[in-house]
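Take a look at the structures below.
You will see chain A twice below: alongside chain B first, and alongside chain C after that.
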Partner chain A sequence: MSGAHRLGRTARIARLVVLCLGAAVMLAPFVWGLAASFKPAAEIWSGSLRLIPQTFHGWENYSAALSRAPFGRFLLNGLIVCAGILLFQLIFAIPCAYALSKHRFAGRTVIFGAVLVGLLIPVHVTAIPLYLGFARLGLLDSYAALIAPFTISVFGIFLFRQFFAAIPDDLIAAARVDGFSEWAIIWRVVVPASWPAITAFAIFSVTSHWNDLFWPFIVIQSTELAPPALGVVYFRRDESGVDFGPMMAATVIVTAPLVLAFLLAQRRFIDGITLSGVKG
Partner chain B sequence: MASLEIEDVTKSYGATLILDRVSVAVPDGAFLTLVGPSGCGKSTLLRILAGLELQDGGRLRIGGQDVSHLRPSRRDIAMVFQSYALYPHMTVAQNIAIPLILRRLPLWQRLPLLSRLLPQARATLGQIEAEVAGAMAMLGLTHLADRRPVQLSGGQRQRVALGRALVRQPAVFLLDEPLSNLDAKLRVHMRAEIAALHARLGTTFVYVTHDQIEAMTMSTHVAVMMEGRLLQVATPAEIYAEPANLQVAEFIGSPRINVLPARVGSGGAAQLAGLALQGRIAAPAGASVQIGIRPEHLILRADPGGVGTVTAIENTGPELFVSVLTEGDTVLVARLTPDQGAGLRPGSRVALDVLPGKALAFDADGARIGFGHSVAAARELYHAR
Partner chain C sequence: MPAELAPGEGLLGRAQRLRRIGAALTGWGLSLPAALLMLVMILIPTLSAAILALTDYQLGARSIRFVGGANFAAMWEDRVFWQAFANTLIYTALTVPVSVGLGLGAALLIEADPLGRTTFRTIYFLPVTALLVAMATVWEFILHPQLGLVNVALAQIGVTGPDWLADPDWVLPSLGFIFVWQQTGYNMILFLAGLKGIPSELYHAARVDGADRGIERFAMVTWPGLAATTLFVTVITTLYSFRVFDTVAALTQGGPSNASNVLLYNIYREGFVYLRTGYASAMTLVFLALILAVAMVQMRGRRGGGA
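Moving on to the complex of A and B:
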């Protein structure tokens, strides 16, 4: 009995060690970047591996980063673009997923098939036609160019459809009997019951668009419209890419809001799972 | 408050016929139970009544008004679902209030801020709160008003679902197997509670169940359905005593009715193995028929020369279910009081008799046919018992 218990404990310790090693490997670049953002250039290039800076150069690095490029602007752009994309994605994907999961209509399987096919098409394939389209419309170098291509998320439709399918049909039927309109059923019954899925999707959407460099790089020329990732690129280009201290400081500034948002959303995410007792 | 008429309702999914020209009408205040094995179409019929499914043909009238093509919310019905279907993000009080809010407040008055500012909306909300409080008091939910459905037990959720339905005072209540998710003890309790609710409200109830005990104990009208067809609609007593056909007789009653193949002899006498029956069967001589005998109508007498052998005795306390193997390898079940079965053991030889006038006859297709009895012989046998 105690032998089995001890074996269980060793297994648990081994598992913990493996997980810690994995986490360390994943986190190492970030930790190094964070450490570098507090070091003077000489120390970064010294060749010795040391996490704690010997001379604290953080103030200089961060003020250099903030003074040389409009990072407040980049963060605001990131906020506007990510919020805009997420808002439209939810507005389009939720009713679409509701129809696909709870309504029977001709062509439903075909449409769902099209959604699945859409999942297989990488964004890079459509980039050139989209670019040409925006150029023709005169919308290049604008928020619209950053937001519009991502407003319909097939991934969102797919994720929500799968989640809504698990909502009991009886709940929808009860709402119909109680006098909710179909529209009200979506926003007042289905959405409140789907917070975990919506939060999960929001995390995916915001991280991918906050960090997106590919598309902004194509359509944005003006510095004042650059979202965070592109802002870092501009910063690097302007500074000819040798000054690593301020560079790392810039990266930390750009990444920090996302990490904070994720930590907050994670708590909400867990709350959502425990609160939604849809199945009864 | 309304009568209910279902007329020739038909429904199929693809090639599968779910409802085959179902017609039933009940007066205002009736408690109609749709009962049948799973897959018989009873739930589909209820959903059609609610307007959640569209019938392929036929009409529905509530209180004389044709509602065949109205939306669920326009039919003046309320429904209680098997899974309760409570809104998980709302409290008990909100769950019960929502049908009233949706009906009485126009859309713009439902906006959270406006409803508090507009005097008219505030008055309506006050009225709704009073009615919700009344419904909660009636169902013993007052102390749970601010809980969410996940924090409630099965029976409490059931009551919230009932509250949400009755607060609106609908013309017809629809209940879809509302007790099937409850444990046995609670089910008996809620059965009585729903029956009492029906008596108090006097509203028409339509209740779907596969449980014949629920059907028999609560209803004023029982409708037995099988394979999409309505077999019989009658009072519980009549369904039990005078089933219209063999399927109904076999479905209603536990233990099941004993069914024996028989042949009609000369003068309409029943010829069957191991049992003598008085009376004349209304069928030509030589026809094969089926005789149904309820377990409580079978009389067993310990008799070493009897044709039957007791194979098993189930003691439920107030009564015994005795299985008897008789001629032709048929097993009959008799329901006896403990006194009547006192001397019986597995292996005992018994003679079998049937309480006069109680055997039922069905033709080869299962339809009920007449089985008259001689009164004198019946009386004699009855006293002998």
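Moving on to the complex of A and C:
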């Protein structure tokens, strides 16, 4: 909106006031939760609005949280599941997207049609049959059950296909003349030219699966296999919501990794997370 | 002589056919793994859900019987289902206008002046990156009836706040508030991108046409320029609000007495707690129908708006 007028003095002050009020609401749970994670129970239950703890009880809260539930394990599970999902998504989606954008072959429209249909179907719709399938295979309550349904990302295919279409055909033809196989072209020509799309997709994929509760909630029974979101639910269930100090410490532990990653690489995160909002 | 030409043509034709077969083979070779996975993980399960919806299958049962539309008839009579259905729509009606409106407002305010632009953008986007169940736990603490920040603050001005998450009248708005808190920053980013796409010449032209006040420029340039973005943000937000599950599963389990039961949570409960697989599958189809209806609105809107 570079063509907009400069704001007057009152308007600028009003803008700042409104934006600051909004910011206070946005930040409230982060600040209040973090503060409570350092407070002893007595102070939390006193109903005071004081932000800074009078007695520092952080050590006790965090060690209580860590001793009552394996939060390190939850984070590790999140890492394993997200990395596994992303790896398979890239391995399957990239060659398919390359074939769809750079090859003309019979059946191409059928595959692309399936991609478009797939875009409309969230995992909530396929969850029951997938659950029955995993049960039949004896794979419930395993990393495989957490990862397998997401190894195919129709959204990834859709996105990469669009991005690959912009890569000049001459570049690919030249690589073919140089004796590159199609497989080599994909990983040594197309992928290096597509890093922005791939990083954005990676961030999109990792954040959505790090945050996913629905599917783990259904297929996982063992605490040792819970990803972070499910871990929080287990912890809440066992704590029955009375001990807020350790509970807040627990929320800080599971929330920190992604929030810190966002603060370190903001532009990339915004691009990645809003990717699902990119128009088709 | 035709007899001499024929072999040459045949050779050329064969080479062409071979090349076409070769292209098909590479094409299929590269996309086959993905195509198979789409079939196994998305298309077949969706069809299976549609078939299961016509059966009386119960999780772990040995028998399965075709019952036609009986599950849908049962749904029609099921008060809990209707409540979950209505709650989902109420939740959507509460959250979508607010989070789209606030997202637009935040984007306009942030763009209006360079001061603090990046800082505000970062702060407003921060909730999007936070683990929802964890932050819902913090909100539960803030909304605690006696000791929560909100009610303690309200008490200081002499108002007795309700038990936000346990009062049947307040539980949906409270969960909706958490959704709005997380979704606003996301919508803001989409609107910021939409604003960047409006050519600045249009603002100059509007000024030439006598649009001096901010509100006139907004009505003449910004709002029409954002039409496509607004439709899109509304659709995305609606789809996300249909999917409300995490906060319900973590904070209320659908309670008190189904006041916060929503479609996905009801499907989960029917399918995996009461083990009525066939019945839950039928509800899944209702959920899918809602999604498709919204997708259709978007497609029509895009065609109509020429965007």
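Throughout what follows, the second predicted complex is superposed on the first by the 220 of 280 C-alpha atoms of A that agree within 3 Å, B and C clash if a C-alpha of one lies under 4 Å from a C-alpha of the other, contacts with A are read in each partner's own complex, and residues count from 1 in each chain.
Just so we're on the same page, contacts are C-beta pairs under 8 Å (C-beta built on N, C-alpha and C of every residue); 3 or more make two chains touch, one makes a residue touch a chain.
A quick note: this is a predicted structure, and the numbers were derived from the prediction, not measured.
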Touched partner set for A:Pro95, first chain B, second chain C, both or neither: second
Contacts of A:Ala193 with chain B and chain C, given as first, second, both or neither: first
First (chain B), second (chain C), both or neither touched by A:Asp170: first
Greater residue coverage of chain A in the superposed arrangement, chain B or chain C: C
Touching both chain B and chain C, residues of chain A: 276-277, 279
Chain C residues within the chain A interface of the complex: 23-24, 26-28, 30-31, 33-35, 37-39, 41-46, 48-49, 52, 59, 102, 106, 109-113, 115-116, 120-135, 137-142, 146-147, 149, 152-153, 181, 184-186, 189-190, 193, 195, 198, 200-204, 207, 214, 217, 222, 228, 232-233, 236, 243, 245-246, 249-250, 264, 267-268, 271-272, 277, 280-281, 284, 287-288, 291-292, 295
Sites on chain A touched by chain B in the complex: 168, 170-171, 173-180, 184, 189, 192-193, 275-280
Of all residues in chain A, those that touch chain C in their complex: 1-5, 7, 11-12, 15-16, 18-19, 22-23, 25-30, 32-33, 36, 44-49, 92-93, 95-96, 98-100, 103-108, 111, 114-115, 117-118, 120-122, 124-133, 148-149, 151-152, 154, 157, 182, 186, 207, 210-211, 213-214, 217-218, 228-229, 232-233, 236, 241, 244, 247-248, 250-251, 254-255, 258-259, 261-263, 266, 269-270, 273-274, 276-277, 279
For the chain B and chain A complex, residues of the former touching the latter: 47, 50-52, 71-73, 77-79, 81-89, 98-99, 102-103, 148-150, 157, 164
